[in-house]
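Several structures are given next for inspection.
Shared chain: subunit A. Partners: subunit B in the first complex, subunit C in the second.
What follows is the complex of A and B.
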């Protein structure tokens, strides 16, 4: 288990039964984006495990944060590895819907 | 290299001068009180020290214990001047009181030497102070240069934004407030002839320099694309194709933009639009509820192909159609629905005519929470 912390954004990474789960906590915006990329960079290329983002404790995300999710989605899609988000809070689900990207994550979720 | 020595005791002054002279620092000036120091720095009235300009002094050696005004008080006053506070101050003090030393450092001194003055130590402290000063100056100059560059760049960026149109059937204008010198929002409109107009508002991922460069790229292909393809579905598809060509090597960075593009036919009173992940535009006619342009597809620039959901709707004038970026509703603590509802409510009570001042008051004056400031843009279309 590996934890990265900053004042307003932190992640916890766990690997269990072939699933890597990164739990996001706090506010993921332009200033937190470099840290989050650093966390995700070594994980995205792992092809013998599913990659999951748990958003239960995610309070806020801006377009830069969504951009990172989408880049992970594309990278995982390109290598035929599973990626999905789980426990999406209502306000973030609503944002995904408004931005027209909800279905990208939903399809992935259904395919697990 | 000019060093100003401030000390009421002539013996001390002489010792310091001798040390400096041996080390080849010959350009020294001495004064015997804090007041004389200010005078030497060009300050005529201490109450107006904020207004004083830069001085030719590079470093001050300031005695702590002096009659009338001591070194600590002098340091504090120096800090009030934007220019004079840049001169490094080393306080010279008799051994002992660490509280006093701390006070002097807190008051703005960068370092201290104790009496009796040790030559090696004094010279090391002077070198250190000058080195820090040099580094600080370097950063300040670079910041200034970047600021100036950014201001120029923002002028360039502003130049691509469309000017208002005031035709008999159709008027369009915008309010725009970038969160930074350079922006990630872009609006553009074109008169297509025969009472038709094409309008686009887009919001690039992120904000700041990189987003603004992407915006400028899109801006450069926009006019061609609109006049070649006109139709919303085709225009968005073409912009997607163009944008995908910009490939960023770095992993985990995905640029994209949300956009709403529409073509208004003022003779047939028809609006066609495609909404690519953008907050819904709002059409207010004399009906009670606004029409939301919320048939939303994914944003532009994600995949090789893009799904669009083109919509066609009729309107009865007069009316107003408002396009905006999420910076207008974002950043508040409430839920998206609540913010959206608030915006709709505000726009409902407006007349169809664009009231720049009222809109500016409503949507552009409150401060967003720290670090959440986004570009804010509102485009207002009036139908007669």
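What follows is the complex of A and C.
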């Protein structure tokens, strides 16, 4: 069922003014996780730009996706490079707050 | 008075590609019952976490099935995710952790799934019998809500 996967979840990446923005669309679940990791792996190590996820079109996330976000946060924190989220839908923000990952994004966004 | 229960059972291959089918079924059933959009979003995550656990841990490398039972009660929806795999529960052993009170460097990547499941449902019960798999039963009560799907 490989064809369905790509319809369910997709990303677009753009770099502008020292910010790499990855826009997520669809459902980031267990089946989409490998694709998402493939997109993010080469970006995580870039230290001369902020890395931002735009979640406006993200319809679903669970602990699989939140776990990936957390591992990216750890890697970027170790490099002193920023990683944060923007345009987070309400039901996804709720999960970020429940799990506690929200405060790490807030720290990143507000750091110099 | 005898409480009537309507039961919907679906059996699926325990692979990541089928977890969204569970969410689609849940959406249909829960919206028919009158759950709000937000309540359904909560349940989608909780049920997916249970299915993810089955997909990741129940059968190791072998092919297996997951059976999802939706029970429509008078004032609640009960969802059971059952597998016949090994009784291996790394998520539960992780204790349902959260990242609150933790520094980023010490934040565990795993364990969030079980926590979310408990936090998003009114009642969660996990039964494991060695050699007979795991059964996770989750209940969400129906609130009288104005925001219907």
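The rule is simple: the second predicted complex is superposed on the first by the 106 of 112 C-alpha atoms of A that agree within 3 Å, B and C clash if a C-alpha of one lies under 4 Å from a C-alpha of the other, contacts with A are read in each partner's own complex, and residues count from 1 in each chain.
In this section, a contact is a pair of C-beta atoms (placed from the backbone, for glycine too) under 8 Å apart; a residue touches a chain by one contact, two chains touch by 3 or more.
A quick note: this is a predicted structure, and the numbers were derived from the prediction, not measured.
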| item | value |
| --- | --- |
| Three-chain arrangement built on subunit A, subunit B and subunit C clash or fit | clash |
| Which superposed partner A:40 touches (first subunit B, second subunit C, both, neither) | first |
| Subunit B versus subunit C as contact partner of A:56, first or second or both or neither | neither |
| Of the stretches 62-70, 170-178 or 242-250 belonging to subunit B, the one that collides with subunit C | 170-178 |
| Common ground on subunit A, meaning residues reached by subunit C in one complex and by subunit B in the other | 29-31, 60, 62-64, 66-67, 70-71, 74, 91, 95, 98-101, 103-104 |
| Interface residues, subunit A side, partner subunit B - complex | 29-31, 37, 40-41, 44, 60, 62-64, 66-68, 70-72, 74-75, 90-91, 94-95, 97-101, 103-104 |
| Subunit A partner contacts - residues on subunit C that touch it in the complex | 15-17, 19-20, 23, 38, 41, 44-45, 48-49, 52, 55-56, 98-102, 104-105, 107, 109-110, 112-113, 115-116, 119-120 |
| For the subunit A and subunit C complex, residues of the former touching the latter | 1, 4-5, 8, 27, 29-31, 33, 60, 62-64, 66-67, 70-71, 73-74, 77, 91, 95, 98-101, 103-104, 107 |
| Subunit A contact footprint on subunit B (complex, rising order) | 203, 205-208, 251-256, 258, 275-277, 279, 296-299, 302-303, 330, 335-337, 371-372, 374 |
